[in-house]
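Next up: some structures, all given as structure tokens.
In the two assemblies presented below, chain A is common to both, partnered first by chain B and then by chain C.
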Partner chain A sequence: MAAPIGQPRVRLPASAKAGEIIEIRTLISHVMETGNRRDQEGKTIPRDIIKRFVAKFDGQEVFAMDLATAISANPYIAFPFKVEKAGSFEFTWTNDAGEERKSTAELKLA
Partner chain B sequence: MRARHLAGLAGGGVALLGLAVAALAQGGGEPQRAIPDPQSGRHFATPETLEIQDDDFQNPAFLWVEEGERAWSHAEGSAGKSCASCHGDAAESMKGVRARYPAFDAKKGRVVTLEQRVNICREENMGAPPLRIDSRPLNAMTTYLGLQSRGMPVQVDISGPARPFFDKGEDFYNTRRGQLDMRCGSCHEDNFGRHLRADLLSQGMSNGFPTYRLKEQRVISLQYRLQGCVNDVRGQAPPMGGEEFTNLEFYLAWRAQGLPVETPAVRR
Partner chain C sequence: MTSMGMRRRHLLAAAAGMAVVTTLPRAAGAQMQAATAEAVRKATGGKEPQEGRVTLRLPPIAENGNTVPITVTVDSPMTAADHVKTVWIFADKNPTPDVATFHFTPALGRAQADTRMRLGQTQDVIAVAQMSDGSFYMARTEVKVTIGGCGG
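The block that comes next holds the complex of A and B.
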């Protein structure tokens, strides 16, 4: 059974000017179990990681990332974004089992 | 400790030495700290680690803080109460609590840690089962509580009935143990600031706990770390939440007296 994907944290500026480059920061609670570890009885603990992260702005994909087993638990992902207009972000984290966790954020123009 | 005390005064003249002996004869007097001017563990951490700690967004321990915050007002147990039912706003009521714990509990007749305090409250006032020591929900609660005291100086009260528990903690600290035959101070007093493999040895100050440990990839409680220390000297660690570690945690808090609470710290 896949561990539940925890509550995400997302932070971006309250508002930004057109043409400005802002940083979008995300953090999500997840075990990122590598599949290489064994439990106390010697049985392999099955792999369970966040496999993919996608950020969409007004429905259009603006950033995506494939994650691998070497990435630590509770992955922190930040990326730059060039502001052109106001709109809404949708962030999606997907685990090995295909389960998704979504979060949204609004971007306002200053 | 006594030998050190006397040795320090020996240069001061025979009269002073006589006074010291008189003071010791009256039952030891106030305990003296081996490191009178302690340095927080952050002093020995790498800049990269501190960058994570000092950014409340990036610091993964805040995932625990948020869990603790949700649990604070979540009713549990037969009394149908949450922490907030009695204590209201944690930012007000819990300010400074982490800084003065562990503390003597007159009803229990012993020193209790913040973890134990939470569980006593759960059992006696909420009618809820106690949380396992070092479990995620308990670490989430203590991290949330600890944050309310961030920046306040550690200030535990070792006087009066608490003193015997302090003395037991001090004995544990100074007892050589394990196949390596080391006491806590072998690393944290005699060799702090020197490399132990890739890391600098700290002074073993507890002001940052509960701490997000990058090695464990989770928030850990102080007593979990203590077990790690005892295992590292190839000793047999007493159980978390037991009497030995509780008294030791009390002694450690006194060693860190005056340092600002850093909860939640980040360490390698």
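The block that comes next holds the complex of A and C.
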């Protein structure tokens, strides 16, 4: 069974000026099990990671990341975004089992 | 099996490894593990990455290999006509070299991404960037790891 995908946390300014480049910082709790580890009985613990992150702005994909087992537990992902207009972000994390966790955020023009 | 046979097999394996290394792009600088060289070749489709434009920021010494902060930036205007499309991160001596693949768009305004990675031992971290014109750029940097982070 896949490990739970924890509550996502996203930080970005509530408002920004047009033309400004803001930073969006995201964190989600997840074990990111590599599949290389063994349990106490010597059995391999199956791989179970967040394998994809997608950020959309008003429905348009602006940034995405494919994660491998070498990404640390509780993946932290940050990226810039150039503000042109107000709108809404949607962030999606997907694990190996295809389960998704979504988070949304609004951006206002200052 | 005779020890001679064994030795021959090792020599063959070594020769195969060297063949991989010698076909590496010169921009790679130092040698890479065969698996890493293969991963880079897969990313670029065999094209030779140039040096420059890509900057990797990692601590020179990581006390804990379980969580090593990494920032990759690429020098690009990030316009519709000229932008960074993809950035691959590889760890040369991890059990598997793949770390992350970032997909960029001009909407970002700047080509940058930050994350935290696992490093099993002291090794080179490599970034390969694909530009919208189809060219590739590469950077590499060494991180000394005090405690490895691959759950071994």
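In the analysis below, the second predicted complex is superposed on the first by the 110 of 110 C-alpha atoms of A that agree within 3 Å, B and C clash if a C-alpha of one lies under 4 Å from a C-alpha of the other, contacts with A are read in each partner's own complex, and residues count from 1 in each chain.
Here is the rule we use: a residue touches a chain if its C-beta (ideal position, glycine included) is under 8 Å from a C-beta of that chain, and two chains touch if they have at least 3 such contacts.
Bear in mind that the values here come from a model prediction, so they are computed numbers and not experimental data.
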| item | value |
| --- | --- |
| Touching partner for A:Gln60 - first (chain B), second (chain C), both, neither | second |
| Partner chain in contact with A:Ser29 - chain B first, chain C second, else both or neither | first |
| A:Thr94 touches, of chain B and chain C: first, second, both or neither? | neither |
| Residue contacts on chain A - larger count, chain B or chain C | C |
| Touching partner for A:Ser103 - first (chain B), second (chain C), both, neither | neither |
| Which superposed partner A:Arg11 touches (first chain B, second chain C, both, neither) | first |
| Contacts of A:Ile77 with chain B and chain C, given as first, second, both or neither | second |
| Residues of chain A at both interfaces, chain B in one complex, chain C in the other | 25, 72-73, 76 |
| Chain A residues touching chain C - in the complex, by the definition given at the top | 21, 25, 34, 36-37, 57, 60-73, 75-82 |
| Of all residues in chain A, those that touch chain B in their complex | 6-7, 9, 11, 25, 27, 29, 31-32, 72-74, 76 |
| Of all residues in chain B, those that touch chain A in their complex | 57-58, 60, 62-63, 66-67, 214, 217-218 |
| Chain C residues touching chain A - in the complex, by the definition given at the top | 66-68, 78, 91, 94-96, 98-105, 107-110, 112-119, 149-152 |
